[in-house]
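Note that the chains are named A, B, C and D in the order they appear, and that numbering of residues resets to 1 at the start of each chain.
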Amino acid sequence: MIDVMYFAWVRERIGLPREQIETSAGTVAELVEELKAREDRYAAAFADTTALRVALDQELSDFSAPLDGVREVAFFPPMTGG
Amino acid sequence: MIDVMYFAWVRERIGLPREQIETSAGTVAELVEELKAREDRYAAAFADTTALRVALDQELSDFSAPLDGVREVAFFPPMTGG
Amino acid sequence: MTVRVQEAPFDLGAEVSQFTNTSHDVGAVVTFTGIVRDLTTRDLAVMEIEHYPGMTEKALQKIVDQANERWSLADVLVIHRYGKMAPGDQIMMVATASAHRQDAFEAAQFLMDYLKSRAPFWKKEITQDGETWVESKAQDEDALSRW
Amino acid sequence: MTVRVQEAPFDLGAEVSQFTNTSHDVGAVVTFTGIVRDLTTRDLAVMEIEHYPGMTEKALQKIVDQANERWSLADVLVIHRYGKMAPGDQIMMVATASAHRQDAFEAAQFLMDYLKSRAPFWKKEITQDGETWVESKAQDEDALSRW
């Protein structure tokens, strides 16, 4: 089980802020493919992953990163703080 | 008649903050020579003019500048504001 | 060195005076304050800021640690708000204290450049016409390359 | 655009909040505050600042005008004190307000660089051992060449 979190318009498109997912995906990209196959709202949110960022256990990472030992994955658009 | 002002250690060496001087000096440098010839305290204050700055009518200027029409000359060390 | 993520407003003057009271050999303090812009061409009613609790604090602390490694700083303060704000409201501030001005200025700019693109905050503008997520700017990402 | 030369202390927070209240389209405010350093290696009792009334205001206004020509600024504030100050006291401040942070940061640095070498202030340090006029630094003059 892995905690998956969504922020900003990713959260709005998917319609929930976090969920627990049972997955055998080896990488972030594989997890994204699994999610996209689930429902249209996931496919819409992940349509263009170049517009997205991913954090693994609260550290910025990238879509090719392995998920071994990761407990929390978060997807969100580029950050706009400051 | 011209107003001559002294600031910081120039003022302290000469011993007064301002005075009115009757001069026929054509430039700042000539005025400085006149002042140095007056008394030791002026000679001490103006010993090294590269360590000094001059303002004519409250605008930074230089020692070769003419004094035509100038009403106020000020001598002081390099500024240390901020 | 302090990082705070909060919903409540902050008082710049009070923050800075507390900040400098506890530091020694401080000759220079630089602050940056980010404010919700009042763009008269649109009717911005509310700016809403979302963040990623947990990651936000870690990301800000990491940026502060990097600034401390690169510049000689007596103290650093970062406060970033989340939630709803109105035009003119203060969104965030950084303050840097150092012996000499160059360290304080450069560190404050570094903190802002990194905070813009590396701290997990997202801004949404809510106007009479609807809601829009603020898009990141390529120039904000480019700004990182100078450090 | 405000320039003030005064003996009295100032309140950074109050100055900045008044400042941003009267400006429009402000997204960024940068402040610099200069503080009398508390150098523990010497017993600095008093810092005394002398200035050239009349020229000071003109010189500061000229620097502010130059900043306004070079950057897009919603507002600029410069306050510089004279007279006697103790370690930890605030000597001076500049504040710049702009739509975007780069203008505010660069203009504040420009103002400080020019103010250091072009505004007629002189600092004297008074310690138990006597009085010393602070010498200008070659690096302060050199800082002007980047603008």
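The criterion applied here is as follows: a contact is a pair of C-beta atoms (placed from the backbone, for glycine too) under 8 Å apart; a residue touches a chain by one contact, two chains touch by 3 or more.
Because the structure is a prediction, the values reported are computed rather than measured.
Listed by label, the chains touching chain A and chain D alike are C. Averaged C-alpha coordinates put the centre of chain B at 26 Å from the centre of chain D. Centre-to-centre, using mean CA coordinates, chain C is 23 Å away from chain D.
In whole angstrom, the spacing between the mean C-alpha positions of chain B and chain C is 48. Each of residues 82 in chain A touches at least two other chains.
Counting only residues that touch two or more partner chains, chain D has 34, 101, 112. Pairwise, the chains that touch each other are A-C, B-D, C-D. Across the interface of their complex, chain C is touched by residues 5, 7-9, 11, 55, 58-60, 74, 76-82 of chain A. Contacts from chain C toward chain D in the complex involve residues 11-14, 16-17, 20-21, 24-40, 88, 99, 101, 104-105, 108-109, 112. On the side of chain D, the complex with chain B involves touching residues 34, 49-52, 54-55, 58-59, 80, 91-92, 112, 115-124, 133-136, 141.
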